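The letters A, B and C name the chains in turn, as written, and every chain counts its residues from 1.
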Amino acid sequence: MEAFTVHKVTAEIYALVQNLYAHQTQALDRGDFKRYVETFTEDAVFFHSPDAPPARTRAGILAAAQAHAHAHKDDQVTKRHYYNQIALSPLSDGSVRATLYALVVRTRRGEKVPEIWPSCLLEDVLTIENDVVLTRSRHISYD
Amino acid sequence: MEAFTVHKVTAEIYALVQNLYAHQTQALDRGDFKRYVETFTEDAVFFHSPDAPPARTRAGILAAAQAHAHAHKDDQVTKRHYYNQIALSPLSDGSVRATLYALVVRTRRGEKVPEIWPSCLLEDVLTIENDVVLTRSRHISYD
Amino acid sequence: MEAFTVHKVTAEIYALVQNLYAHQTQALDRGDFKRYVETFTEDAVFFHSPDAPPARTRAGILAAAQAHAHAHKDDQVTKRHYYNQIALSPLSDGSVRATLYALVVRTRRGEKVPEIWPSCLLEDVLTIENDVVLTRSRHISYD
């Protein structure tokens, strides 16, 4: 059995990715969709679900996020996206594959105990250029 | 649209902050309040809730933590604070703004399924000096 | 009161540890036990519970994981291990003590809301050699 090696992704990249995801989820959760889509590349592809076509480009992801927010505007729920267990593997073209877990914590106005669902697996490809990390593609699978 | 940039906080600082929060929450959860308050600056200000005056200085934060523990001493609940989605932004004076999510996982003695509440937003200012990161201010908002 | 210091573990090590745990939990959760045990040292010791003898060596940990999976093969539950609040402290022999929190998120087939249990404390000793981090011992306590 070969030794398990995870040493090819530097600490610099690991921290950039974590900070990216933190800013990305917080922008999404506070409804700042313009800032949110700036964490994707211009030509990003986002597979929201296995049964629907993906959103494409920043403009397409922005439109999808706005449509989703509009459909849920009366929900009176604060959502917090949690991304965890970020496993990074370098790809041969200099980008990085990120496989991670996600949960959404939902607090209804006036209640203190949140609902936590769904549980998802996210498979991203991230580009790194001049110390800037952006999401180039995302594929979400629901447990 | 400008590119999203998160490259100004180094990996070194990101790791120091994560390690700080891990030690801080674990000290709090095991009731080691002396160690807990050592993760704050001497002159720290801690806004626990929007309706109450903040705790001020290490001594004040220590007194508040001890009073809270005393009020809950018969609860028979193990608490675990989870801090996630740590978004860091450098400030012009060399300190760092940290915006993060928090959950408390509460396991009652004799039960296996924890309750998870509340869901919070934490807004901290952190000082960094000689590779030591400390919490200078904290503002908690409850979802 | 002395200043709180957490500066002895480098960012490089902190990132390696996080990436290790992400790969370790994902391998476990997808049932890739061969990959899973490669994240432990050959001579690792794994204390699953206070009442049972530990699993020893990669072969022993592999056998225990396979037996556990076999016993639960009809559960129709997707499990996701979340490891958080990773507090690292260097040990004098060059290894690192990691104290962290763990939760298991369990989604039953056909349901969208997961159960989240148990809440645990993990106490690991990690070896670091040539930029490879491996788990040498693990002690789990259940809340």
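Basically, a contact is a pair of C-beta atoms (placed from the backbone, for glycine too) under 8 Å apart; a residue touches a chain by one contact, two chains touch by 3 or more.
For clarity, every value in this text was computed on a predicted model and none was experimentally measured.
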item	value
Homomeric contact chain A-chain C: same or different residue positions, threshold half	different
C-alpha-based rotation, chain A on chain B, 0 to 180 degrees, nearest 5	120
Approximate Å spacing (C-alpha centroids) for the pair chain A, chain C	24
Chain B residues counted as touching two or more neighbouring chains	10-12, 14-15, 84, 116
Residue ranges of chain C touching chain A (in the complex, touch as defined)	10-12, 14-16, 18-23, 25-26, 34-35, 37-39, 58, 78, 80-84, 105, 107, 112-114, 116, 130-134
Residues of chain A defined as touching chain C within the complex	1-7, 9-12, 14-15, 84-88, 99-101, 103, 115-119, 142-143
